[in-house]
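Each of the next two complexes has chain A plus one other chain: chain B in the first, chain C in the second.
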Partner chain A sequence: MSKSKLPTALIRLQREYRELTLDPPDGITAGPVSEDNFYLWEVLIQGPEGTPFEGGIFPAEMRFPKDYPLAPPTMTFLGEMWHPNIYENGKVCISILHPPGADPNGYEKASERWSPVQTVGMILLSVMSMLAAPNDESPANVNAAKMWRDDREAYEKKVREGVRRSLGLDA
Partner chain B sequence: MDSDMNSISSEDDFLDQDSDLSLEQGDADSDFDGDEDGDMMGFESQDKIMKPGRKAYEVEFKVYSPKDIQAYQSKQVTEVSSILGQPPEATAILLRYARWNKERLIESYMDKQEEVLEAAGLSENEGNTSKIKKVKGFSCDICCEDDEDLDTFAMKCGHRYCVDCYKHYLSQKIKDEGEAARIKCPGDDCNRVVDSKSLDLLVSTDLQDSRYQELLTRTYVDDKDNLKWCPAPNCVFAVDCSVKARDLERIVPTVHCNCGHGFCFGCTLNDHQPAPCSLVKRWLKKCEDDSETANWISANTKECPRCNSTIEKNGGCNHMTCRKCRHEFCWMCMGVWSEHGTSWYNCNRFEEKSGSEARDAQAKSRQSLERYLHYYNRYANHEQSAKLDRDIYQKTERKMMSLQTTSGMSWIEVQFLEAASKALQECRQTLKWTYAFAFYLARNNQTMIFEDNQKDLEMAVENLSEMFEKPVDALSDLKVEMMDKTSYCTKRRVILLTDTAENLKAGKGNLLEASEMLELERNSYPWDE
Partner chain C sequence: MSDQSLNIPQLVVVLVLGFLAVRWYLARPATSATPHAPGVRRSPGHRVNPALVEQVAQMFPQLSRRDIMWNLSRNGGSVAAVTERHLSGRGLETPPLSFQSDLPPTPSSSRPATTAQPPKQHPDLITRYNLASKISQPPSEPAPEKQKPQWSQSKAERQLDLQRRREEMILNARRKMEEKDRLRKAAESAS
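Showing the complex of A and B:
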């Protein structure tokens, strides 16, 4: 590792970018914002079909730490998102993005958290399935979690309105 | 006081007759209370109960230091190693794999040796797989390094990574995540456990010796049902107690760690005798969601006489219309409003039939709420008082010092203050839980005996507590009286706990039926109806 000229993180990110471009998963586009900074990526995620997020395109950014892949990146949605596992500022709270060892809430098994063999593609697939199936045990947005649990109809309506707004349609 | 004592002891005699189920007596293992008994003169009538080494509410336990546990582990490893004919290192892995269930391990090993070895990650035909080697054309999935002479490693599962990444992964697991006995292969979804040979190859001896060993000990304690760590902060001891989970309905296994912390072996919460774990759990849950709300409801609301909805009066007018069933009634007399005729917005009537019936119904529906609050308030009060007593305890040492200087007493002679303070803590802890316990008791003779015991202990405790607050100069004169009170409190506590524990153990407790408990808990949610 020490002999190479480029830092591990950059080699890894370049390879992941290449793989994602050659073989992109359905409904996901991702890549660095610019060639100068591989540590900041922009991402577009399609709302999964059969969920209230269907039809929406959700932009997000991912920031990678200098010691990637030992530490996980963070992911933040740039538009409004009403979802139990997304903070109101757009930050995604999902076990795969949590660094190993640290689990302040005691909800997650170590095996569900970040490990260096996970990839950007895996994260984005996890986020897509999170959109379809929220986890209300450790909610980031308590109000959304409560609504999701107690009044599914209102939750879905609110999500759909958000999707329409984000597309520039009237809610 | 004398006659009082006698009456209690005769009750104990009565109960003693069928205490054949009581724990094995005569074990001198628990040193708890051992020497205090000597101080309790003048209570000869109780000696029959006090004399045996262990009282009915005490359980047998041992405290182990981490060293003891390690020694015990290696003893077991040696033992099993000779039976299985495996070297000690391999036996250790096998035992960890079998969660230290010796019998099951030996049995299944004899049955299907190959399978067990395989599953524990000890397979013989590992060949050259678990070695560090260079592989042509290899690129590490983690760091993407693909140098020709890169050292790589994989276990039998074949998930190969470069040695640097593997090492980093393992030390992160050990250091940050506190895993040891069952670290898994870094490969996605791979369940292969990293065996000790691989660890020897990849993890520095420093880390193995210190943290890794500590973690192995921890897993050992976690794996054994009869061992539990003391939950006190920074305490390193583990407690060995043989009380099984299924016995927790009948025994409250309070244990005392060498660090001084007393806790329940069943649930590791602070000592909660005499209430059994299941009731404690129920009670805490109920208190958590209910107490504030219930207090407020009790103070500010009434129930609609027709549909029992809980109603808050939000204006000055006594003419209430239930929002739910549109029933119109009078807030003061709870009678139907139409009977008030033309006396609008005022109630000066007395003993109207509909009114008194409604008030009766009201009283009934309030009863369970009030009952809960009765017990809760006393429970909470003892908790609060124990806290305040604890503050006083902090000042005790200073008091003891100043008592030495003002009265010329020696250090030994002022120890009675500390003893009093300790007794106070212990008794309040017990009293607190007697109220949670009492909430779940049926009304019968046993409960009355229990309540008498509770009352006696409570009075003794309040007396002692009051003395404790006297100014320092008065304390030296109170010494004898305080010592008396201290031992009296301790004694009352022992009587209460013994009595309750014996009933509980004999399974002829006075607890309510499960359905009745549910009813009780449900009834104080008037809004649920």
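Showing the complex of A and C:
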């Protein structure tokens, strides 16, 4: 027992949790749901200012694979989200969460995709900027993408209403 | 040419037989290969106690009740085992398509993890994080000593600290939005 050998993933996730606690990026709260299982996190992201998501807080779940950080985690928003790059079930589709080997859509640069030097903090900041600037090249939510492209006003209204509802206020 | 025209009916026969064989093979396990839960599908005698399903669903609202029920029926109704399995990150066993959970419709307050769901089913943050009682309280002024982030040595303290930061973030957002509403209303009535 002199040299207890924790899995790399666990050591890394514990370190990231500590760093995110001591020096949290603006508008982000992140940590494991329970420290009994470091592979499941619940995070809160604040909606970026100057976007229809402004003022909102968006909870999401991150699941880490056992071979993290070799493989990326997955991220799923737990509340209502209307965004071209978020599936209707909440799953986030963003290049930083895609492993460099697999490029299902053939449009992402390898440098934008997951690599072990990326961190939870970097993912969350990327997702935040994704909220501000959707990428409509490969929409996860086709209807949201269509609305975003064709009727920006309606899109923003829908997002703002969702934000109000999520805070327990009348839309 | 004549070879080909002979082969097509043969091919059809082979396909049909193959299809039937596969169907027969797939249909068998559902009835015979589930020794722990012989009658789960229909017989009410072996049904999983809905209270247990509810118990797991309360803990993990993202799980589908059908999955929970299947897993409970597989392990003899052990909530602990299902919880353990979920928390270990292995994920629950997926029930076969033939499995019917016979559950009453899920209450609207919970959030089933099934695929398409109207947005209405998402609980708002106040409900989700149980903050209703804290909304009306005045904001806990970040007293002069502005709280510096700390890394406690105690696991329980860290957990509490994280929860407090989550709640603060949500309550702040809610207060800000309410404040905005007030200002807007004031502006409207002034003009």
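By definition in this document, the second predicted complex is superposed on the first by the 167 of 171 C-alpha atoms of A that agree within 3 Å, B and C clash if a C-alpha of one lies under 4 Å from a C-alpha of the other, contacts with A are read in each partner's own complex, and residues count from 1 in each chain.
FYI, a contact is a pair of C-beta atoms (placed from the backbone, for glycine too) under 8 Å apart; a residue touches a chain by one contact, two chains touch by 3 or more.
On a predicted model such as this, the values are computed, not experimentally measured, just so you know.
Once the two complexes are laid over each other on the shared chain, residue contacts for A:153 go to neither chain B nor chain C.
Residue contacts after overlaying the shared chain place A:11 against chain B, while chain C stays out of touching range.
Once the two complexes are laid over each other on the shared chain, residue contacts for A:169 go to chain C alone; chain B is not touched.
When the two complexes are superposed, the chain touching more residues of chain A, out of chain B and chain C, is C. Once the two complexes are laid over each other on the shared chain, residue contacts for A:26 go to neither chain B nor chain C.
In the superposition on chain A, A:55 makes contact with chain C only, not with chain B. Residue contacts after overlaying the shared chain place A:46 against chain C, while chain B stays out of touching range. In the superposed pair of complexes, A:70 makes contact with chain B only, with no contact to chain C.
Chain contact summary for the complex, chain C toward chain A: residues 62, 87-89, 111, 115-116, 119, 122, 124-128, 135, 149-151, 155, 158-159, 161-162, 165-166, 169-170, 173-174, 176-178, 180-181.
Within the complex, the chain A residues that touch chain B are 1, 3-4, 8, 11-12, 15, 69-70, 100-102, 110-111, 115-118, 122.
Residues 141-145, 147, 162, 164-165, 168-169, 172-173, 176-179, 184, 186-188 of chain B are the ones that touch chain A when the two sit in their complex.
Taken in their complex, chain A has these residues touching chain C: 18, 21-24, 29, 31, 34-37, 39-40, 42, 44, 46, 55-57, 59, 61, 63, 66, 78-80, 88-89, 162-169.
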